[in-house]
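Step one of this worksheet: look at the structure below.
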Amino acid sequence: MAWDFSTEPEFEKQLQWMREFVRDEIYPLEVLEADDGSFMRIVRTLQKEVKERKLWATHLPPELGGQGFGQVKLGLIHEILGASVWAPTVFGNQAPDSGNSEILANFGTSRQKELWLHPLLEGKLRSGFSMTEPHNAGSDPVDLSTTAELRGDEWVINGHKWFTSNGMIADFLIVMAATEPDAGPYERASMIIVPTDTPGLKRLRNIPTMAGEHERFGYGHAEILYEDVRVPKENLLGERGKGFLIAQHRLGPGRIHHCMRWLGQARRAFDMLCERALQRRAFGGPLADKQTVQNWIADSAAEMQAARLMTLHAAWVIDREGAPAARKEISLIKFFGARVLHDVIDRALQLHGSLGYSSDLPLEEMYRHARAARMYDGPDEVHRQSVARYILRDYKAPKGPWPREHVPTRREAARRKFAAMLETMTADV
Amino acid sequence: MAWDFSTEPEFEKQLQWMREFVRDEIYPLEVLEADDGSFMRIVRTLQKEVKERKLWATHLPPELGGQGFGQVKLGLIHEILGASVWAPTVFGNQAPDSGNSEILANFGTSRQKELWLHPLLEGKLRSGFSMTEPHNAGSDPVDLSTTAELRGDEWVINGHKWFTSNGMIADFLIVMAATEPDAGPYERASMIIVPTDTPGLKRLRNIPTMAGEHERFGYGHAEILYEDVRVPKENLLGERGKGFLIAQHRLGPGRIHHCMRWLGQARRAFDMLCERALQRRAFGGPLADKQTVQNWIADSAAEMQAARLMTLHAAWVIDREGAPAARKEISLIKFFGARVLHDVIDRALQLHGSLGYSSDLPLEEMYRHARAARMYDGPDEVHRQSVARYILRDYKAPKGPWPREHVPTRREAARRKFAAMLETMTADV
Amino acid sequence: MAWDFSTEPEFEKQLQWMREFVRDEIYPLEVLEADDGSFMRIVRTLQKEVKERKLWATHLPPELGGQGFGQVKLGLIHEILGASVWAPTVFGNQAPDSGNSEILANFGTSRQKELWLHPLLEGKLRSGFSMTEPHNAGSDPVDLSTTAELRGDEWVINGHKWFTSNGMIADFLIVMAATEPDAGPYERASMIIVPTDTPGLKRLRNIPTMAGEHERFGYGHAEILYEDVRVPKENLLGERGKGFLIAQHRLGPGRIHHCMRWLGQARRAFDMLCERALQRRAFGGPLADKQTVQNWIADSAAEMQAARLMTLHAAWVIDREGAPAARKEISLIKFFGARVLHDVIDRALQLHGSLGYSSDLPLEEMYRHARAARMYDGPDEVHRQSVARYILRDYKAPKGPWPREHVPTRREAARRKFAAMLETMTADV
Amino acid sequence: MAWDFSTEPEFEKQLQWMREFVRDEIYPLEVLEADDGSFMRIVRTLQKEVKERKLWATHLPPELGGQGFGQVKLGLIHEILGASVWAPTVFGNQAPDSGNSEILANFGTSRQKELWLHPLLEGKLRSGFSMTEPHNAGSDPVDLSTTAELRGDEWVINGHKWFTSNGMIADFLIVMAATEPDAGPYERASMIIVPTDTPGLKRLRNIPTMAGEHERFGYGHAEILYEDVRVPKENLLGERGKGFLIAQHRLGPGRIHHCMRWLGQARRAFDMLCERALQRRAFGGPLADKQTVQNWIADSAAEMQAARLMTLHAAWVIDREGAPAARKEISLIKFFGARVLHDVIDRALQLHGSLGYSSDLPLEEMYRHARAARMYDGPDEVHRQSVARYILRDYKAPKGPWPREHVPTRREAARRKFAAMLETMTADV
């Protein structure tokens, strides 16, 4: 049957389990004050449960332990995981390891898989992704200035990167560098695997941001210099000049997951909004009785519902026709979803007043993180432009100076069209 | 299979036929200058084709000629019909006759069906719906002041109505009147069938509105006085005191149809926006190259997609659980959809400049009609309030003064929760 | 004294008289059903009072009867006149005659003044302004395609215009035509006076628009063909190639007047919003008690106050430094004011529900007229672009790759700056 | 002369000096890494310059060293100070000391001035303001639950406060407590001076917030318990039951200063927006050429201009008629200005991309601070409500069921009004 918004009962049971598990076991991690070692052992205990439940690293292909879920199901999973910053770690799909393992699984040689993918999945290595550059607009591929030159059997890499995820703690980085500087804008770059202990690779610092220190234990986004960094020829990941294509592959479904995680965040803020509206009183009644608050609840509900259906629809297009077919849909949810995420959190925060502004509630951190959503994976402005271009391809300008719907022209055509019919009819009477 | 956004192939063929039929045969009607008689005969010719195609009055139950389509399919049909003001007439579901026939079919006695429903379906009678009152807020049922008193075998009706659809041309009206003035707010009113030639019923005028004269040939919304209007006891439609319940029944799926028709309107405006953006040049290039225009296209696409999926989702809930279960969803799309309708038309109009403002294009009329969408079927403000109330029913205030997510409280609980585990672990090392 | 928001007492008395006169004598004109002749005689009676009060045609230079008011005072006058569609006619500054008389007064030869200006001011002739073309974007001067060629002693004009104000009733038109087709974009056009009975000038029709029929008695915006229209060489108004410069002169202060008139409209809608909020009850209290309505009132008040102060500030800049110096300010209020006008009327209309949508109130007409404000005198999009350009002229890009506020760079500089000071101090302790 | 937007030349020179001083001497303080002692000595050196310039503590009455500037001039000063977080400290008007010294100056006894005000102004004591309570909505005075009971010669204070400014470092606090629990809502509270070393006063912590650690050296907002805290009867500040009245006095002009400081912040972000738009290139040109960026610049310019004029207007009303007369104006700018502040910073941040999100620029901190502006000094929602109430006092509901502008009623009146005139006229012809 067509047009069905339901979830398969068997899978819904898994989701239900996840919801409870995230709430009961992972939420407490968020506020636990423990040292790195203790913390990670608790995490590993929880990861074991997830593996037993067959929900570990579900984004991977079946041969690597995934369940063959399509993007719709992965989306529904990520909606639940998005509610807590630690849930992806516990479920084996935290960024950037999840995306990196996907690339390695799909484009890596068997030797690369052996050296990097398997240890990564076993938690023995940590990875980072090194693409953004401080002096170039990330959304314009022409501007990539880090280079990798093949000299003999080695790639020699030079460049300046920042916002390299996990940069200070990763064991290896996947680096985007121009290997074919004279090719077309989308064929200039390749991906290369670079161990972080390679000479010439300088980890300058974790860049302080609005996100603050939530990435405990060294996580963060680093600034890194590559000065004549040399790695073996075999560290090329995928084909030469296919760097952006692979990145696109990495980002497509990844954006679905992002958007669904945003919904998990938004839902959590929304729950707080509703509960506090019932709890807090001012001027003779609960805040829930104030029409402004009711408007916030109604608008938030509408916008979350909109973003949710649009994201699952985009996932469904990927499942049916592949990620490239869904580019318009993915761009749509990118900017629409980022706005919803912000607005719902913003309203929840405002309702809580100074308490909401304080770190005694998670809202202020959610608010700071939400601000980044309008930038990463491409700024909203670029996605809007892309959407317009995809759409305009299906239109063409009407001939002549007037729009197709020009009434005087249409009137003349209608007169001609019905003339005979009207004549017969008049005769009829 | 769950989460499916596709349309059944067989039904899709019908939709495809409708799209072409509406564009090729009905669009010309919009601008045809013909007298009432000629015009209606062309319409009847087209209606015949629709009946042969088995797409006539699809909202009716099968025994009256409907096809047993659920609301999702009806929604997809109305999306196509919404593009043209004459399409509902050609497809047998123009307001208010469609809603009135639904009520008569569902709540009428067999005698009432014989007297009113069948002639209505055959096009021998025309009907109107008389609920709104000039001096009372329509959204508050307590304020209904028209009364119907049972004296002997007759209802004696007194009151002042306006915005009675088709009031000046209808043969009979369905009138909402307080028959149990002392009952609870939603049990005060009943529906009564009143022939328009009954003594005491005074049709004052068609009320001029922003919508202008599009309702050619006498259609419109009338102001009507009821002064000791007497009709037989049997003209009660449904049970006493059930007026609002029946109205709700009338309005529930009706709102789905409205919202989908709005999308048909919005889509038509959007097509004009895109085509004109490619056609019109200024400052050295087509308007399609200006980023502001690209933003309009992208935002419109996102909002239409959002409204569409939300509306079909609401339809799906009705099909699965009945209209009362979908009240929240219906209210959501009411205010969300009305906004989208306006905004898309507004952008298309702005892009067309003074041409868009002129009646040489249909946009200015669409803009005027769109303005009403935020009011009819209940103003957006009331729907927002309803949504908030439905949602808040599922929440309760946390006990104590703090929100559930209060970090200090949660931290204490997390410490306790993991204490034993951490102890064992420390021992472990 | 500086920063003074008060109005001079003497002038305030004049304004107060105007407020009462407009309300008591001109508002009734709006709804008076009288034939053209009777109506105009009432108007002339009122005009006489205005002239006695020395408030007639105040925009003109003193030698033509103006009072030498600057733009601030004219602004305050237009704010009052804006409340009623007939007030400008009664006060001698209705478009397009007011702008045309200004051009003639400032740029006309004495012969032109004698032939056209004086009869215009005496009400013996009516004028129109013919600039917009159906197939060209009005905001881009390169696109002007109507030409005027000097052949012997005559200008021969060919072109297609529309939205020519008063086109069907005017005695003469001021036509914008390219006389120097190869000059730079802003030097291509000249203004030429064309009597409407000149052979070859074809008045096709008044263009129907969303504004509807408010322009009673034949006013409106016409579509006009110029086919080898010949007028004497002396009909050139101002210098050759200065058409856009003169138009700019015409539009500069004109936009101030527009914006202030919008505020008069907005204020009238706002008064209706507030009064109705107190009058109408629903769900147990007046609408004024609903927080949504309170938000509408507060936001409207803030936005009207903002637009008002910004417009008077722009007027003040013109008075101090001339219209060219105020181009940024004028563009700012154009798009800001048009939005305020719409939003305030929109809220007032929504509050009145179906009554607001009906023509029983003036709101629906105000709403339709307000929609045009985002287009005429240049679409908002073009004004936004102009503002950005004016502003960016005062900035320059920092040298090097980093913004001036780059913290690491600044930190280094601060360290150096205070080093000596800190050293001394440490020694101090 | 009336309607004057200029600044007096003499005073403008002072402002110009301030602009340069803030940019050259105070901006570097923001990023200086120095210990508390060194830092404060640099500050004191700068303060000395300010005092010599006669710009120290300008909010105070002349007898305490102020210059007798009115609110307009103070506003223009605060606009400049707002650009840097350290400028108020250098100019002697940092919160909360500035507000506290004002209260003491206006309402303190001579003994209180001697004990608290003079040492405060000399920098020998630090003060805090203790009003907000964790379990009560701050905007509703009925909810204040901290009590002060007069027992013998002592006030005994019990309660729980938070967001007490400077709470952890202040030498004394001004505490708002209910001394007349049964009085009307605005007469329940009094202000009492409480030294922080009084037994029973427990400073729990500085509350962590989104604002982060910018308040270096211990500044912040503290949570404080008052358990049987006893202070002498003479510590009552002002009269019993006048606590809210005094707070209002403190907040009125204070909001002007806030709003003007917000403009200083917004202007700084706007400068960054414009400079970066010219500096950064993507897709073949500077960002300044993208229409979206131009829209941001134009809208920001309009909104800042609006907020600025409205705030100076409110200041002017205070100067003319006193703070109570300006309550509507002050509430207007509170919510309007807070929105502008956020929006301008938000756009600047978005334009800078990941750099803007990082702490390498001041934008992310400005963004976090701006979020608080919608809450402190009363949440925007409460100010909107107040504005609506002030405005509605000047209106009354029209009699009868129809609005005053009801066209049918007006038409009848107009007919009557002009009847005689029309009759004469017709006779005339």
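Chains: A, B, C and D, in written order; residue numbering restarts at 1 for each.
We take it that a contact is a pair of C-beta atoms (placed from the backbone, for glycine too) under 8 Å apart; a residue touches a chain by one contact, two chains touch by 3 or more.
In this text the structure is predicted, and so the values were computed from the model without any measurement.
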Joint neighbours (chain C and chain D) are A, B
Ranking A-C and B-C by C-beta pairs in contact puts on top B-C
Chain centres from averaged Cα atoms put chain A and chain B apart, in whole Å, by 36
So, in whole Å, the Cα centroid of chain B is separated from that of chain C by 39
Separation of the C-alpha centres, chain A versus chain C, in whole Å, is 47
Each of the following residues of chain D touches two or more other chains, namely 134, 290-292, 295, 355, 359-360, 381, 384
In the complex, chain D touches chain A at residues 132, 134, 137-140, 143, 162-163, 207-212, 280-283, 290, 292, 349-350, 353-355, 357-360, 364, 367-368, 371-372, 374-376, 379-381, 384
Note: in the complex, chain A contacts chain B through residues 1-8, 11, 27-34, 37-38, 41-42, 45, 72, 268, 271-272, 274-279, 286, 288, 291, 293-295, 297-299, 301-302, 305-307, 309-310, 312-313, 316, 328, 331-332, 335-336, 352, 355, 359-363, 381, 383-385, 387-389, 391-392, 395-398, 403-408, 410-411, 413-415, 417-418, 421-422, 425-426, 428-429
Chain B residues touching chain D in their complex are 134-135, 290-292, 295, 401
